[in-house]
Amino acid sequence: MNIEKSREQHVRSKENAIKYGFWLLLMFFLTLLPFLLPNPFYMRLVTELFIYGLLAMSLDVLLGYTGLLSFMHAAYMGIGAYSVGIFLTYVEIPPSLWLSFPLGVGIVLLIALPVGWLQVRTGGFAFALLTIAFGMMYYTLVWKSRDITGGDDGMIGIPKPDITIGNWSLGSTGDPLIMYYFTLFVVLICFLVTRRIIQSPFGAVLEGIRENEERASFIGYNIRRFKLLGWLLACCLAGVCGVLFTYLKGSVSPTMMDATAGGAVLMMTLLGGLGTLWGPFLGAALFIFGQDFISTLTEHWMVFMGLAVMLLVLFMPKGIGGMINQFLEKRQSTKGE
Amino acid sequence: MMPIILNTENLNKKFGGVSAVFDTTIQVEDKKLTAIIGPNGAGKTTFFNLVTGRLRPTSGKVFYKGHDITHSSPHKLAQIGICRTFQINSLFLGLTVFENVRLAKQAKVGGSYKVFSLRKNLKDVNEGARTVLEEVGLQDKGSVIVSKLSYGDQRALELGIALACEPKVMLLDEPTAGMSQGETERLTNLIKELANSRAIVLVEHDVEMVMAISDNISVMNQGKIIAEGPPEEIRKNHLVREAYLGEED
Amino acid sequence: MQGEVVFWVQSGLNCLVLGGLLLLIAIGLNIIYGISRVINLAHASLYALGAYFGYTLVTTGINFFLAILIAPIMVAALGAVIERVIIEPTRERPMVYSLILTYGLMVFMDGMLKYIWGDAIHFVEVPAVLSQSISIAGIPYPFYRVFILIVCVVVMIGLALLLEKTKLGMAMRAASNIPEMVSGLGINMKLIHVSVFALGCMLAGIGGIIAGPLFTVYPMMGGEMLISCFVVLVIGGLGSLKGVTISALLVGAVQTLGFIFITDYAMVVVYVMMAIILIFMPRGIVGEGKFE
């Protein structure tokens, strides 16, 4: 018994070492990437990938871990983006990171709280329908408020704040290199914190709700409250994405929060793998590159996307991340024998 | 006679015009095994659903230790000590056996808002979960994903989850449904033992099993209680025999 | 006649027409959900398909009235295939998956409509007998819209007869109440599922082909109809034909009048209505089943 246990531990620590090694290598590579591709266009592209990866991850928190489906999650990124955009454009002070960042996320939470409170009284499809209803309401509001938001045209030329610590400035968010590292830093922190939360006893409750909502309720969990907390976490992350997006692009438009955008995020998360947390980053990258690539061949890339979703649900419901996890687990179990 | 821990008063449930449960008054003694038997469709599961907050009664009341719990939600009931199992397994299929029980134990012991701790560091919860697994005989299957368990093991887990909540009253809905002879015996012994330290309310089809282990039996037919009493009395009761005519295995 | 009276009568009739169409499409969804427990997000795309089929049939010279019979059958056939190939495999899985799946189907179908028929708006020619204007108590009104109402009523009656009087219909109704028992009675559940789905799609197809000449045929027509459909379903509740009818008329009225008076915000009112019902009255105004 003791021999088996220590052998099992030996194998597991070896697997862990490989995992850590892989992530370390990845971080190393990402840190060096701007110097391998000194072109600011590519830096901005990868930065955008980080942001959408985080957005897809936030939907994974909602759907993959809490089991709540949203067709318009991009709306909360939009709210964050517009909040920051409006603040930086209209408020007559030097653009401030320390004011605009919390403001953007704060406004998202302010809206997500009552809406979420109403939504979690339902479940399943009713919940999904409500996300569409509210999402479309936000979109209409933004679209119609031409004077403030620029309506269809959106806003451009949004001032870019500097990243400051005390009186010392690290650089401007307008600088592609600085923005790249800033985004990488923020996204990494968000990922690690979220991962910790998911692995915590709190995260376990979310998983329980996803697996069997009724039973979770019957063993004593106030599922409405936990669903709301899971929802707030997901929306908070989406808000962060919105803020970063505005810093990066200096512009916002309603298309970032319409029905198509909502569907796109869902596809990214699905592609990457529900319930993996890291998978959606991969999914976002694949989706964005895939969309770009297919668009060069045909204008009917939506046909492929729809088909991809169907095939994923039918044959690879755990997405690519899930497949990789499964593959690794199989190797681990055969090695352990 | 032990103190009455759970009782109902004139409990009624109507679906449309049909009375599923009619004017039902039942008293459950603490640390005793009360069984509810009756033919199919007698209203036993509906009664369970009323008492455990899954359904709203049309009228009537439910009391726990004297407190009115008629309109309490299921999670509140579980928190104060009323837990149930389901006739059709209601498990966390995608999670491991250990996690199923651990989750239930965590609901009772606490720790659900510790967002930055690790699950394995909740010592009390983990210890408690391990103990429950031993009690239901699943200690070797802790890391198995529930969807891969045999039916008998799933049924045992069904009980284990409710047990982990440390209930004062356990309502078991046909716990041995579909189990083999050996498995049924094992589970029956466990239930009998559990009745020493808490109130058990059992809905069952296996009349012989019920006769063997119950302290009190209530017989339901067509939504009403037609007989109540210890097993020997029920055995002799002609109303009960009538209700079961053709239903005996 | 006073201009105002004319306006209100015409608008009122328009409300009825839209309501009738919504009813036709929403009933299909309702039946599919009530009996098979499937929510098909691509339902409105099948409605659009019916419109496109209608357009193609008419432009290749087939009599419009004949097309109204043919197009829905084509849509129903496709529906049967979809049910077998796509829906059936995911029946046992959590609903989230079938929602995402049919969402993918919707995106795929809407994309295919664009691919096959192009981006442009298509006009459908109706026979002269339908395209005239008639006089209702002195008020002019396009006869085609009255025709739509007639079709709706006829189809509803036909549907009621099917469900009440035929064996298949009764099996369907039984399946909606006690699915486990139905398979025990030897009724082929697979057949029920396919039939119900095909029936629902057929209804959507009928809605599509008669809506085509009214709305014109364009790729977004499915997407625009989809949310209205679900609002009708939610407000009306499940399992209640009466509820869906009232709801369809209500939503039809709100949408029609909304577009006249507050154009851009019309749909917002619809969304708000749906949200309120979903949150506070999950059974809908009349329905029995909970929409989950």
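Assorted remarks:
As written, the chains take the letters A, B and C, and residue 1 is the first residue of each chain.
The working rule: a residue touches a chain if its C-beta (ideal position, glycine included) is under 8 Å from a C-beta of that chain, and two chains touch if they have at least 3 such contacts.
Just so you know, these numbers come straight off a predicted model, no measurement behind them.
Shared contact partners of subunit A and subunit C, listed by label: none present.
Of all the chains shown, the one with its CA centroid nearest the global CA centroid is A. Relative to subunit C, the chain whose mean Cα position lies farthest away is B.
The distance from the centre of subunit A to the centre of subunit C, with each centre set as the mean of the Cα atoms, comes to 35 Å. Mean C-alpha position of subunit B lies 45 Å from that of subunit C.
The geometric centre of subunit A is 42 Å away from that of subunit B, both derived from CA atoms. Chain contacts: subunit C has no residue touching two or more partner chains. Contact residues of subunit C toward subunit A in the complex are 39, 86, 89-90, 93-97, 99-101, 103-112, 114-115, 223, 227, 230, 234, 264-265, 267-268, 271-272, 274-275, 278-279, 282, 291-292. Listing the residues of subunit B that touch subunit A in their complex gives 52, 54, 73-75, 78-79, 83-84, 86, 90-95, 99, 102-104, 106-108, 111-119, 122, 125, 161-162, 164-165. Chain contact summary for the complex, subunit A toward subunit C: residues 63, 67, 69, 71, 118-119, 121-126, 128-130, 132-134, 136-137, 140, 144, 259, 263, 266, 270, 300, 302-310, 312-314, 317. Taken in their complex, subunit A has these residues touching subunit B: 196-197, 199-205, 207-208, 210-212, 214-223, 226.
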